[in-house]
Amino acid sequence: MEFTAKIIAQFLNGVIEGNPDVSVNNVSGIEKGKEGTIAFLANPKYAKYLYLTKASIVLINKDFNVEKKVNCTLIRVKDAYQSLASLLELYEQQKPVKKGIHEVAVIEKSATIGKDVYIGPFAYIGENAVVKDNAKIYPHVYIGDQATVGNGTVIYPGVKIYYDCWIGARCIIHAGTIIGSDGFGFAPKSSKDYKKIPQVGNVILEDDVEIGANCSIDRATMGSTIIRKGVKLDNLIQIAHNVEIGENTVMAAQTGISGSTKLGSECMLGGQVGLIGHISIADGVKIAAQSGLSSTIKETGKIVQGSPAFGFTDYRKSYVYFRKLPALKAEIDALKKEINELKEKE
Amino acid sequence: MEFTAKIIAQFLNGVIEGNPDVSVNNVSGIEKGKEGTIAFLANPKYAKYLYLTKASIVLINKDFNVEKKVNCTLIRVKDAYQSLASLLELYEQQKPVKKGIHEVAVIEKSATIGKDVYIGPFAYIGENAVVKDNAKIYPHVYIGDQATVGNGTVIYPGVKIYYDCWIGARCIIHAGTIIGSDGFGFAPKSSKDYKKIPQVGNVILEDDVEIGANCSIDRATMGSTIIRKGVKLDNLIQIAHNVEIGENTVMAAQTGISGSTKLGSECMLGGQVGLIGHISIADGVKIAAQSGLSSTIKETGKIVQGSPAFGFTDYRKSYVYFRKLPALKAEIDALKKEINELKEKE
Amino acid sequence: MEFTAKIIAQFLNGVIEGNPDVSVNNVSGIEKGKEGTIAFLANPKYAKYLYLTKASIVLINKDFNVEKKVNCTLIRVKDAYQSLASLLELYEQQKPVKKGIHEVAVIEKSATIGKDVYIGPFAYIGENAVVKDNAKIYPHVYIGDQATVGNGTVIYPGVKIYYDCWIGARCIIHAGTIIGSDGFGFAPKSSKDYKKIPQVGNVILEDDVEIGANCSIDRATMGSTIIRKGVKLDNLIQIAHNVEIGENTVMAAQTGISGSTKLGSECMLGGQVGLIGHISIADGVKIAAQSGLSSTIKETGKIVQGSPAFGFTDYRKSYVYFRKLPALKAEIDALKKEINELKEKE
C-alpha cells in the first residue's frame, strides 16, 4: 500500500508543508529514515535529525519551530506521537487476522468456546475453561481448568494461565508470561525446614490490561491477586501473591512487587524497582528505576528514589555529596589541622 | 463442602469463642472476609481488621488479646498461620487429581515411566528419560534425554528440563522455569570475540525443592549445579553454572547467583539480590533485598545489606547519614567559617 | 571412551609431567576431581586444590609454578582454560545428533525448510517462515510468520520467535527466551489512561549470537531492534524496543536495556545492570554489576559503577567513606566541640 502526504494529512487532520504528492509505503525512526518512509518527531532530543533524515514525510507537532531547511515533506499535527500511533494502528489493521480452531489444539469437552476465536496448534484449554468471543489463543498456550479469557483478549505463544484465573476483555499477554503460579508461602515446620502453605486463591486481570513477555504473576494464598483496568506491565516483572495494582498504573521491566502490597492508580514505576510486602502506595506515586521501597507512601503523586527510597530531589542531592565524599573527608581533615594549629598558638 | 466452627476446632485442636454452629465453605483474607468464609490473624499489622471483618470464623493465636467486640466466631489455636496451612491442605486434597497419560503426549520408547503418573497433552519425554511413580508432568513440559523426574514431583506447564538433569522426589517446579540451560562460559578467542566453552555437566535438584515460575538454573560446565534438599526459590531467579545451594535456603524473587558460588544451608536472600561468582556464604546468612555480594562470608548467621554488602546495622547507620549528606556538608561549611573567624581574630 | 594422558597431550600440544599412561573418561572441576577424570587449573584462586585433587589428570598453564607434590599427571599447555574448551568440544561432538522432522510438528505449507534440519515434536513453523540448512528447532518452539532462522542455528525448547524476526547463522537461543514481543510503547490517551502504539518493527540477530534462557527481546516500534554479530547474553535479560547492541558485547544475567539505547562493541555489563532509554555507550565500556546508567558514555573503555553510575574507582572511593559516614559525623561533632572550646577561651 502506498499513501500520499495529502491522504495522510487528511486522515490526521494535519497541515502539509512541502510536496503533498510524495508517497510512502512504510514507517521508520527519524534517525534512520529512508525514501518512501514516514517518520515522526516528538522527543526534542531527536530534533537534529529532522534536518538530516531521508524519510519522505515527517510528522511534527503543530507548534514545532523549524530552524533550518528540510528535505522532507512535513505534516503538522496536534500531537506527532499520537498521530503516529493512529497511523500504525491503520497499518496493523491491514494484516491478515488469525482465525479458527486448529485441529491439533486440545480443548476439553467441558470448556466453553465463544464465536470468532483463534485457537492455534498445540494450545490446551482445560476443563470448564471459558474462552470468550474474538479471543486469540496462540500456539503452546495453556489455559487451566475453570480459567476465563475475556472478549477480544490476545494470549501470545507459550503463556500459561493456571486454574481458576480470570482474564478480562481486550487484554494482551505476551509470550512466556505465567499467570497464577503458587505464591511464595511457607511456614517454618521446625527451626530448619518449611511447610508449604497451599495457595488456593487466583489472579484477576481486569479489562484492557497489557502484560509483557516472561512475567510471573502469582495467585493469591486466599482471595485474589488483582491487576486493575488499564494497567500496563513491561517484561520480566514479578507480581507476588495477593498484590493489588490500581488502574492505569505502569511498570517498566524487571520490577518486582512483594506479597500483599497494594499500589494505587496511575503510579509509574521505573525498571528494576523492588517493593517489600504488606505496604501500600498512594495514587500517582512515581518510583525511580532501581529503587527499593520498604514502607508505605501515603502522599499522592510523591516521587521517590533510593534503596530504601526517599524523596527524589533529596536523593539526588545526597547522591551529589556521595560522589564528593572523598573531598568532604579531605575538608574535614583540613579543618582538623587548622584547629590544631589554632590550639597550638594559644 | 461446608464445615462448622465446631468441626474445624476439633480438627485443629482449637478453642471456640462464639457460635460453634456457624459454617463456612471458603477461605478469605481477614481484611476482605465475607460471610461464609474463614480467615486467620497472625501478623499484628492486621489486628485492626479482626474487629471489622465480615468473615464468619477467624483463627487467632492462643494468647492473642481481643480488645474490642468481634462479630465473628473465634477459634484459638497454637499457631494461626500453621493451622490455616493445615486447613488449606485439607481443602486442596478435595480437588480432582490429574491422572493418566494423554494421547497427544510424545514419550520416546526408551523412556521409563512409573506408576500412577500424569503426563498431559503436548508433553515430551526424551530418550532414556525416567519419570518416577506419582509424578505429574503438565502440558508443554519438555523432559530431555536421560533426565530424571523423582517420585511424586510436580512439573507445571511449559517447564523445560535439559538432558541429563536430575530432579528429586516431591519437588515442585512452576511454569516456565528452565533447568539445565548452558552455563555462560566463553573463552576469549582473540582480543575481540569469544569461543563457547561446551557445558557438559548437569543440574541436580535434591528432594523437596520448590522452584517458582520463569527461573533459570544453568547446568554445570563440568560436574553439577546442585540445589540441596528443601531449598525454596521464588520466581524469576537466576542460578548460574556450578552453583551449590545448601539445604533449606530460601530466596525471594529476581535474585541471581553467579557461577561457582556456594551458599550454606538455611540462608535467607531477599529479592533482587546479586552474588558474584566464586565466593562462598556461611550457613544461616541473611541478605537484605537488592544487596550485592562481592566477597565470601565466613560468619554463620551474619546479616548484610548494600552493594557491595556489609553488616546490616552498619549499612542502616551509614544510610541515615547518606540521607543527611547535604546537612553534613552545611555543618562542615559552617565550621570552616567559624575557624576563619577565629583566625581573623588572632 | 577412554583417553590416556599421552593422547590428550598430543591433541593439545601439551607437555606431560607424570604418568603418560593414566586414562580418563570424564571431566571434573579440580576441587571435586575423582579418579578417571581430567580437570584444569586456570584461576589462581583454585591453585590449592592442585595438591589435593583426586582427578587423574590436570591441565595447567605452561608457566605455572608447582610448589608441592601432586598426585595426578600434569599436562602443561599454553592456556589451560582454552585447552579444556577444546577437549569439551571434542566430548560434545561424540553425542548423538538430533535429526529429522518429527511427525507431530506443525509446519505451514508456505514455510521453507532447508536441508539436514531437526524439527522436534510440537514445534510450530509459521506462514512463509524460513528455517535454513542444519538448523535445530527443539520441541515447543514457535517460529512466527515470515520469521527466518539461519544456517546451523540452534533454538532450544519453548523459545518463541514472533513474526518478521530474523535470526542469523550459528546462533544459539536457550529455552524460554522470547524474541519479538511488542515494545512497551503507550501514548497518554487522557490524563489517566493509555493508547497502545502498535509495534510494527522486528528483531534482527546477526550471526554467532548466543542468548540465554528466559530472556525477552522486544521488537522495534518501527525499524529493528538489532543484536550484532558475536553478542553473548546470559539469562533473564531484557532488551527493549529499538535497542542496538554492538558486536561481541557481553551481558551477565538479569540486566535490562531500555528503549532506543545503543551500546558499542565489546562492552561488558555485569549482572542486574539497568540502562535508561535513548542513551549511547561507547565501545569497550565496562559496567559493574547492579549499576544504573542514566546518561551517555562517550569515552571508549570507561569503567563505571553506581546508580546512577560514574567512574568505577571514584565509586569505590566514595563507597569507602559511605561505610565510614557515622565516623565522619563523629569527627564533625568533635570539631564543633573543639571550636566551641576555642571560642569560649577567647
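Letters A, B and C mark the chains in the order given here, with residues in each chain numbered from 1 onward.
The criterion applied here is as follows: a contact is a pair of C-beta atoms (placed from the backbone, for glycine too) under 8 Å apart; a residue touches a chain by one contact, two chains touch by 3 or more.
Being a predicted model, the structure only gives us computed values, none of them experimental.
**Student:** If you connect every pair of chains that touch, what shape comes out? Choose line, ring, star, complete or other.
**Tutor:** Shape of the chain contacts: complete, all pairs touching.
**Student:** If I list every residue number at the interface of chain A and chain B, are over half of them used by both copies, so same, or under half, so different?
**Tutor:** Answer different: the two copies use largely distinct residue numbers here.
**Student:** To bring chain B onto chain C by a C-alpha fit, how many degrees must it turn, rounded to the nearest 5?
**Tutor:** Fitting chain B to chain C on C-alpha atoms yields 120 degrees.
**Student:** Round to the nearest whole Å and give the separation of the Cα centres of chain A and chain B.
**Tutor:** Centre-to-centre distance between chain A and chain B: 25 Å.
**Student:** Residues of chain C touching 2+ other chains?
**Tutor:** In chain C, 104, 122, 140, 158, 176, 214, 236, 254, 272, 290, 322, 328, 332, 335, 339, 342 touch at least two other chains.
**Student:** Please name which positions on chain B make contact with chain C in the complex.
**Tutor:** Listed in rising order, the residues are 104, 106, 122, 124, 140, 142, 144, 158, 160, 162, 176, 178, 181-182, 184, 186-187, 192-198, 200, 214-216, 218, 220-223, 236, 238, 240, 242, 254, 256, 258, 272, 274, 276, 278, 290, 292, 307-308, 310, 314, 317-318, 321-322, 328, 331-332, 335, 338-339, 342, 345.
**Student:** Which bits of chain C are touching chain B when the two form their complex?
**Tutor:** It is residues 27-29, 32, 39, 43, 45, 79, 81-82, 84-85, 88-89, 91-92, 102, 104, 120-122, 138-140, 156-158, 172, 174-176, 208, 210, 212-214, 230, 232, 234-236, 247-248, 250, 252-254, 265-266, 271-272, 289-290, 319, 322-326, 328-329, 332, 335-336, 339, 342-343, 346 of chain C that touch chain B.
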